[in-house]
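There are two complexes below, and they share subunit A, which is joined by subunit B in the first and by subunit C in the second.
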Partner chain A sequence: MARRSIPTMIAFFFGAMMVINYFVPWGWFSDRANQVQEWGLIVVAFAYILGALNVMRVHGHKVQRKDEDWRFSIVTIITMIVMLTFGLLPEAWGIGGMEKGSPFLWMFDNMYVPMMATMYSLLAFFIASAAFRAFKVRSLEATLLAVTAVIVMIGAVPLGGILLPGSMELRTWIMETLQNVGKRGIMIGVALGAISTSLKIILGIERPYGRD
Partner chain B sequence: MANRNRNTEPTMLEKIERMDRRIVFLAIAITIILPLIWPLGLPIQVSPQVEDFHDAIESIPDSSVVLFPNDYDPASKAELYPMTEAILHHFFSEDRGLKIIGLGLFPAGPPLLQRAFEEVAEEQYGAEYGVDYVNLGYKEGREIVMASMGESIPKTFPTDFFGTPIDSLPIMEGIKNYRDIAILVNVSAGYPGTKEWVQQVVSVFDVLMVSGTTGVSAPEYYPYYNSGQLAGMLEGLKGAAEYEELIGKQGIATSGMDAQSLGHLVIILFILLGNILYILNRRNKNRNRGGRF
Partner chain C sequence: MLRARFTYIWLILLLIPAMGLAQIQIGGQGQSTLKPAQNVEVSDVPNDAGDAVEISWELPEGVSADDLIRVRIYRSTNQSGPFEQVGTVPPLTNSYTDEADEENDYLVSPKETYFYKVGLYDGSYQAMSAASEGISPQISFFNWGRLNVFIILGIYFVLTLYFIRASRKGREIYIRTLPGLEALEESVGRATEMGKPVLYMPGIDEANNIQTLYSMVILRYVTQLVAEYETPLIVTVGKAFVVPLAEETVRQGYMDAGRPDLYNQDIVRYYSDEQFAAAAGVSGVILREKPATNIYLGSFYAESLILAETGFLTGSIQIAGTGNIHQLPFFVVACDYTLIGEEFYAASAYLSDDPKLLGPLKAADWMKILAIGFIGIGAILETFGIHLFSQLLQI
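Up next is the complex of A and B:
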């Protein structure tokens, strides 16, 4: 009984506190809510430590059992240890810190940045290939989608104004009117869903934080 | 048997329709690389939301404090880093004495911001760290960090990106919370970013805010721009290029727009080609079956 009611009471207390704080900007109450937010930041910081330990555990097991692609797990573990070490070493030691030219920033600039940028850039190629195959005028809806996509794409670049005068204005109208109507509907729906889910959690009807 | 094979063998048009995707990749690669080597210098037309972004920054008094969260990581660098640089040029070029407080809610964001500060603010305008600008670094906690800064910025970020206590930096003198901020200029690649800053800061503390986002996430923020919660908006590399045009400081975004222009054109040509082939193939199939197109 206590295993169920105590977490529910804690969730109710803190959840209700944050909701009330939004509507009642009262000094004492606001101070307590701010204190809770500070606790939240501390809890999140500990979650990061747990996350790092979990990555080590999962990949350590993978290497131990020699699961599929276990060699990549070795790379993950080594790079994590190296980056973590250089990130944590104090600047006074000469090889730590975040100053320009430090090993951590050198690895960040010359390894992490190009790799991440390359991964994301590949999207351009896959989008082109997917557009060639997917935007087919198979039905009225598909035709509307393809035509809209072409207008938005051509209107988004300077070349559009030269090749198809008025495409930029048409694109702006699509984005600010047609797109906005749909987006607002979705956003309001999502907000209502979030409110109802939050209320369920606060009132203990839904309990993602504990097992029965 | 021979007859059936002849019927099932794809025609030339069908073969083109099912072309190897590496041909598409090659076409895109060529059209992106060529204008980067030989720029076309296409004229750039400034959108109203970009003008609004510019006007919002112009509207704040001289020597104001600007909160400059750069919520992105290297994955979005190609689009958003030119934007960060263009905005920094605007902050520092007019010598208005603006105080810039940078931070990042993406773990890999603050080193990129620091690089932009050094390359633009320090090297080109002689701005001084801790006096004209500061990088508060990264703090995990997403919306909690945003809300917590409403109570106290120094409490939420006791040290900066380098681990220096922010109380020791002259720029932070007298800055407590959002009441001391004239404008929030966000560069955002997603969550946590523009949407959360609007929800946690603009709607609660009534702070003036503008945002620069990736092209793909911009549609998400149009409702906030239309409602006035965002005073201005930069949309992807296009927005950055228009901003460079507006401040008269052409950089990587402007040169990148030529590549993006041709890239979009090639994708559209592929869409048209795909549809022409689709219609012709469908017509041929119907004709072979004896039906009507």
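Up next is the complex of A and C:
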């Protein structure tokens, strides 16, 4: 019984506190609410330790079992240890810290950032392949989508006004009227769903935490 | 004679700049024609913690904003001073809010009485106004500016409780078919037949995001399903904070299904808090382990298409759902089933048929009707130039 009621009471107390904080500007109360949020940050900091342990465990087991592409797991473990070590070493030692000139920042700027940029750049190709499938004219709805997409794309480039006169104005109308109407409809539904779910969690009706 | 005249002219020429210098000096000592600001008034900023004061003033007759460089605001706890500068505004502005911000951390307190002076500065001279009346900021215990939100939230709360009660008493609540959720069991069955795993990703946002939290509810259901079929499960996580949450949910799901023996610690895999590092890691899993079913339910951003397209390439059945509307088109294009916006939040009620969960869904439907009504009334009144209704709904 206590196993169920105590987490529910904690969720209700802190959830209600955050809702009340939105309506009560009183400094004393908002200070307490901010303090609770700071506790959250401390808990998050500890979660990184759990995250690092998870990476070590999952990839360690993979190496142990010699699963497919297990060598990549060794690379993952080594790079994590290297980055952690250089980041945690004291700056005074000359090779530690995360300031300019440190090995950590060098690796971050010259290895990590380009890899992230590469992943992001892949999006362009994925968008092209996804668009190719989406704009296949198979039905009336697909035809409408393809025609609308063509107008929007032509209207978005400077040459579009010359190629298809009025396309820029039409694009603006499509984006601001047709597109916005649909988007706002979904947004209202999402907002109501989020409020409803929050309410269910605060009241203990929905319990994504703890055990039954 | 001629020499005497030259001496006289030299003296005059020397006196001209000296007179000019003297003029500037006199202005600097307070004898400029620049008059001080008038009607310096102070008022309490409503609906706050008693930590802000609004100061307003008028420029004196014959002085325009073009004559000034800036306006300085001074504050003291004593009418006779000393006054300390707390802010500067451009000359076109005629009001200032004295509150803590990034540049000014001198907070006003409800326990003190404050007096303000306004200094008009024209580049060489500053005309200081008389001290304002004293003011003590007031603490508000309720933000009346958000009363409309409070009322609407109250209506929603009452409706939710009413429909939960009605549903418990046996009132039939209809939910339309959601193909994405209908396909969950079918997709897990397919994975079982193929002997391949099911991949579940609860988004890449923190656990304090309601979508991530709600995704855990669906994860528990999916875990129960895979446990019944004895299908392998992979849960990929993009935030360290979600790791313990996902581990606990998966463990509980296996226990609910009566198969705690199937749980192992490698099911939940954390990749990185960095968006594209996590996307790269999950894409790697999709390409290497080729799950038969990929389920993406939660808060996704630009990585949504990278994941969904990678899953499409490997031929997986893909079910996605998110409240982040900018990612919905990507999921719609690349996935077999997509839960659009509110459908995502309807999952637990749909899957469980629990009256407690069906009630809030019905309440949300009534709130949508209310929203449609508000939009309609607002549009009609605004067309006729009546702004009262839209003002009432403003935050």
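Here are some notes:
Definition applied: the second predicted complex is superposed on the first by the 192 of 212 C-alpha atoms of A that agree within 3 Å, B and C clash if a C-alpha of one lies under 4 Å from a C-alpha of the other, contacts with A are read in each partner's own complex, and residues count from 1 in each chain.
Criterion: a residue touches a chain if its C-beta (ideal position, glycine included) is under 8 Å from a C-beta of that chain, and two chains touch if they have at least 3 such contacts.
Quick caveat: nothing in here was measured; it's all calculated off a predicted structure.
Of the two partner chains placed by superposition, A:95 touches none, neither subunit B nor subunit C.
Applying the stated contact rule after C-alpha superposition, one finds that A:127 touches each of subunit B and subunit C.
In the superposition on chain A, contact of A:38 is made with subunit B only, not with subunit C.
When the two structures are aligned on the shared chain, A:54 is found in touch with subunit C, with no touch to subunit B. Using the contact criterion defined above for the overlaid structures, shared-chain residue A:189 touches subunit C, although it does not reach subunit B. Legend: residue contacts after superposition of the two complexes on their common chain; A:74 is shown touching neither subunit B nor subunit C.
After overlaying the two complexes on the shared chain, residue contacts for A:6 are found with neither subunit B nor subunit C.
In the overlay built on the shared chain, the residue A:153 is in contact with subunit B alone; subunit C does not reach it. Of the two partner chains placed by superposition, only subunit C is touched by A:200; subunit B is not. Where the contact sets of subunit A with subunit B and with subunit C meet, they give residues 22, 30, 40, 44, 47-48, 112, 115-116, 119-120, 127, 129, 131, 133, 183, 187. Subunit A makes touch with subunit C in their complex at residues 22-27, 30, 40, 43-44, 47-48, 50-52, 54-55, 57-58, 61, 68-69, 72, 112, 115-116, 119-120, 122-123, 126-127, 129-131, 133-134, 183, 186-190, 192-201, 205-206, 208-212.
Interface residues of subunit A facing subunit B in the complex, by the touch rule stated above, are 22, 30, 34, 37-38, 40-41, 44-45, 47-48, 91, 97-100, 105, 108-109, 112-117, 119-121, 124-125, 127-129, 131-133, 135-138, 146, 149-150, 153-154, 156-163, 168, 172, 175-176, 179-180, 183-184, 187. Residue ranges of subunit C in contact with subunit A, taken from their complex: 47-51, 139-143, 146, 149-150, 153, 156-157, 160, 164, 206, 208, 210-211, 213-214, 216-217, 220, 237, 240-241, 243-245, 248-249, 252, 255-256, 265-266, 268-271, 273-277, 279-280, 284, 288-289, 302, 305-306, 308-309, 323, 325, 328, 330, 332-334, 340-342, 344-346, 348, 356-357, 360-361, 363-364, 367-368, 371.
On the subunit B side of its complex with subunit A, the touching residues are 21, 24-25, 27-29, 32, 42-45, 47-48, 73-78, 108, 111-112, 114-115, 118, 139-141, 144-145, 147-148, 151-152, 155-156, 161-163, 204, 215, 218-220, 222-223, 226, 236, 238, 241, 257-258, 260-268, 270-271, 273-275, 278-279.
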